[in-house]
Amino acid sequence: MISNSLSVACIGLGRMGSGIARNIQRAGFPLTVFNRTAEKSKPLVAAGAKAARTPREAAAAADIVVTNLMDDASVIATMMTDNGLLAGMRRGAIHISTTTISPTVSTRLAQLHAAQGSHYVAAPVAGRPDAAATGQLLTFVAGEADVVERCRPVFQAYTRQVLTVGTDPAVAMSLKLVGNFIVVGMLELFGEAYLLAEKRGVDTAILTNMLKMWMPASSEYVERISSRRFGDAGFTLDAGLKDVRLILDAAMEVHVPLPYANVARDRCITAQARGMGQQDWSALTEIARIDAGEK
Amino acid sequence: MISNSLSVACIGLGRMGSGIARNIQRAGFPLTVFNRTAEKSKPLVAAGAKAARTPREAAAAADIVVTNLMDDASVIATMMTDNGLLAGMRRGAIHISTTTISPTVSTRLAQLHAAQGSHYVAAPVAGRPDAAATGQLLTFVAGEADVVERCRPVFQAYTRQVLTVGTDPAVAMSLKLVGNFIVVGMLELFGEAYLLAEKRGVDTAILTNMLKMWMPASSEYVERISSRRFGDAGFTLDAGLKDVRLILDAAMEVHVPLPYANVARDRCITAQARGMGQQDWSALTEIARIDAGEK
Amino acid sequence: MISNSLSVACIGLGRMGSGIARNIQRAGFPLTVFNRTAEKSKPLVAAGAKAARTPREAAAAADIVVTNLMDDASVIATMMTDNGLLAGMRRGAIHISTTTISPTVSTRLAQLHAAQGSHYVAAPVAGRPDAAATGQLLTFVAGEADVVERCRPVFQAYTRQVLTVGTDPAVAMSLKLVGNFIVVGMLELFGEAYLLAEKRGVDTAILTNMLKMWMPASSEYVERISSRRFGDAGFTLDAGLKDVRLILDAAMEVHVPLPYANVARDRCITAQARGMGQQDWSALTEIARIDAGEK
Amino acid sequence: MISNSLSVACIGLGRMGSGIARNIQRAGFPLTVFNRTAEKSKPLVAAGAKAARTPREAAAAADIVVTNLMDDASVIATMMTDNGLLAGMRRGAIHISTTTISPTVSTRLAQLHAAQGSHYVAAPVAGRPDAAATGQLLTFVAGEADVVERCRPVFQAYTRQVLTVGTDPAVAMSLKLVGNFIVVGMLELFGEAYLLAEKRGVDTAILTNMLKMWMPASSEYVERISSRRFGDAGFTLDAGLKDVRLILDAAMEVHVPLPYANVARDRCITAQARGMGQQDWSALTEIARIDAGEK
């Protein structure tokens, strides 16, 4: 580990955020952390991080502030209150926002930073908690080119691949949403396909082999769906429904109907109604079974 | 090329059927051919095949009869008339049916063969005309084990991989339908995803790269969708709609609703209504564009 | 009751058919009856009808043959076998077909009659068994004008209103299907609306009053849905699903996607899967509840 | 016209709001008005109303403040700014909110009023601008019983019927949304039904008569759909899409999927994409035609 001249603050230490922070810490960046429930800061503090009492205090301590939060509301709340991130940001400092939020909100946040002399980089990540823990995330980045360049060592700490998509933060968010849409659409599609195969008497092991061969990158989901094991969530149904709403809203803003997203949304709602919100979002494939008369 | 003791008849010489027949001929099987419009038999006859005047005559000339037809109706018509295949079949001869048809019809055809002492092997193929031409199809097979075994040299003539799925012909058809459902579902999903990306200002080349990396087997479709080129159909929209209906009917028989198949069906109907029935079925992705106000 | 010069045969004596036959009998027409299970003929025979042993025998005895059967398959079977209706029809006799069947099949049946010198009148009925029993059905009629005219006294025996829609039997069937589509669509819509109202804490009695005021003709369905009582079926879910399929197929033939019919179809499939096929088809409204997490 | 002791302020003078205000004025209530664009106040001022310069000033002048605005955002903006309604409300004064907004926002607004000693009454209206102009609206009301009682003379000025639905403002909004959902669902259903009828060769005048007979309250919509005339909007597609979103969000909050609302939403999006946002929302029925290949 070499010492690193950029100081970093990490705000939001959930399953994804703690993995990101840990990798940044391992890479030798002086680290300040903040989480709403302080408990989650402890392992990082034990490993040398400073704990801030507010987002403002965390931001004030850093050249680069990395947030990993829940949704539009939590990002706005973390940024805008008296003790919020914006109030603490140093002039010229950079806010790397890894949370998947609305493209439109993303644009507004960039404007707020610009107005006070700090920088906003949209950097949503693809990958599940184990990828965050091992620094294997995929990051979609949009921001001013030189600002993004300065962030690169930080991205490298937790990311396997950085996909630069221009300067407009809304576009990075949009690409992330498109990616999540494809994932949720495949989940529903595979769920319907497995159900049809099973009810028609097909040995689903054949289907599993075919899908793993065709779409190696989907193997984990294929495994979950074929075995119907949805515990130990990589990405929860609750979070998934949040993203499907963002997808539908982002699509409506540009006048695009997405019938496949509608179905996915309804599946997530039913799954939530049945108390499955904290299961892996691939559990939405169970709802097709209910509609086929199971349970 | 070695001479082969089994004689084969090929009935149905469309884009797929002529490729299959040509490979069987190349493998050295004595070949008889029949097609409703005789024109299509000529290249095979020029290469040494005998031309039959009726399905009955073709069947009477062969140990193994391979049919590649359009749909339930054409298979039933080819089998059941006075000059049909069934009337010609030798005792103990085998009918390899490569057409994708209803699982239920498939079961009935097997019973008709059994009742008169011939054999039915359900052997629907996955792959497009170029794969048929080069002998690279994937065949799903169901039938009595020893009968399937006898067919193996014929399968090998036109098939890259033979997937045996038991003895019930309905199950082979079901698996084929499940496969086609996954394909059509991915087409619609990708179509919606590209549209969303484009309208939100994302450089779709990034999406194309991502999809090719994640799902290498889908590259041809990704290419078509991203470039919006749907001519030179590998599989037509008209044929695709036929299969989506088979999927929905097969699902209804076992009480499985398939909302993603419903959307795909509606897309195909709209595409047909707009005169796109002879384009590649990936052209259904154009309909999402129309619903987003294009054209 | 006055004696009537036209002799009538009634084939198919289920809930609807027996009501129709009884009213024809009451109107004084000499009546011959046939039903696959003879038991159902008894009350009519006790009241003076002759029992035929086959559809052919029934048809041979009558100037006008009224069929009330299940579906395409049962109509075709009743007409086309050696002992079928067509074989028995007198020259110039009329077949009034009250069964809701595919418009396309309807056209073919008319051609079969025409080819042998008898007449086909498409006359599907709207109304439930109690309306059949009391002679209060609504009949949609298509056929040659003079032939329809000759049927009028028979229609009047069991019908409150006769809606003539031209000479093409396919059009009468289409109109009937359109009517049923509107009914099933309203059922699903009301089901979703009640569920939303209830879960949002609205006193659904208010909704019930509003709907009865707006749509007095829907009162029975509104009553069933609001009270969630689906026994004593007027029209079963099984029969409803059959009609939704006819609707979707008739629409596909003319290149019309019907997303609301798709949803209705899926609801019926789920209801069937849950063993509700013999309940009133308004029971499909229960499926929205299951998707909202109930049960 | 008798003079009336209660003073009223009307904020928001669009097509609906100006009709409401005019009727309140006609009933003899001393009236203050405010509209963002002052032009629309003129006829009312000419008839004796006072024009306020801000919502705050309007509210300060009145015992009862009636707002008729656009959506959640406009209601919040009108209430919460320094020159907003809340800042001006007298202690004990009543805010009658006729705008259809989110049930959840409605609850929050009631709390804001309660916290400062004023009252909130949720009173969304059903009916189109001509009903507003003639005082024939239907009002759904929720609020504290005595407060609602005090509003009654005002309601009577512009309302044909007042439907009291308890004390929870969210419930009045929910009922209104349920009502709008039924309307938009019927529009889509009728649109699909007309299209099917037409393409199958049915004389749609028959359908029009049937629908007017079954659902007399829907005659205006049936007329628009059958004649395909969507100008002179009673309720615009843009406003309709806003409401469909409220419906879907209100449903999601209580874990209710609404597939019919999804379809309606997509239709409105497509219609907007085609520049039809200012047409009557029954114009969404045109989209089914596009999906059937028209245009």
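Quick notes on this one:
Chains: A, B, C and D, in written order; residue numbering restarts at 1 for each.
Heads up, the rule we're going with is that a residue touches a chain if its C-beta (ideal position, glycine included) is under 8 Å from a C-beta of that chain, and two chains touch if they have at least 3 such contacts.
The shown structure was predicted, so the numbers you read here are calculated from the model rather than taken from an experiment.
Contacts with chain A and chain D are shared by B, C.
Distance between chain centres (mean CA atoms), chain B to chain D: 54 Å. In this assembly, the C-alpha centroid of chain C lies 41 Å from the C-alpha centroid of chain D. Across the assembly, chain C contributes residues 251, 255-259, 266, 269-270, 272-273, 291-293 that each touch 2 or more other chains. Viewed as a network of touching protein chains, the structure reduces to a complete graph with every chain in contact with every other.
Remark: chain B residues 103, 163, 165-166, 168, 170-171, 174-175, 177-179, 181-182, 185-186, 188-190, 192-193, 195-197, 199-203, 206-207, 210-211, 213-218, 247, 250-251, 254-261, 263, 288, 291-293 touch chain A in the complex. For chain C in complex with chain B, the touching residues are 245, 251-252, 255-259, 262, 265-267, 269-270, 272-273.
Residues 266, 269-270, 272-275, 287, 290-293 of chain D are the ones touching chain B in the complex.
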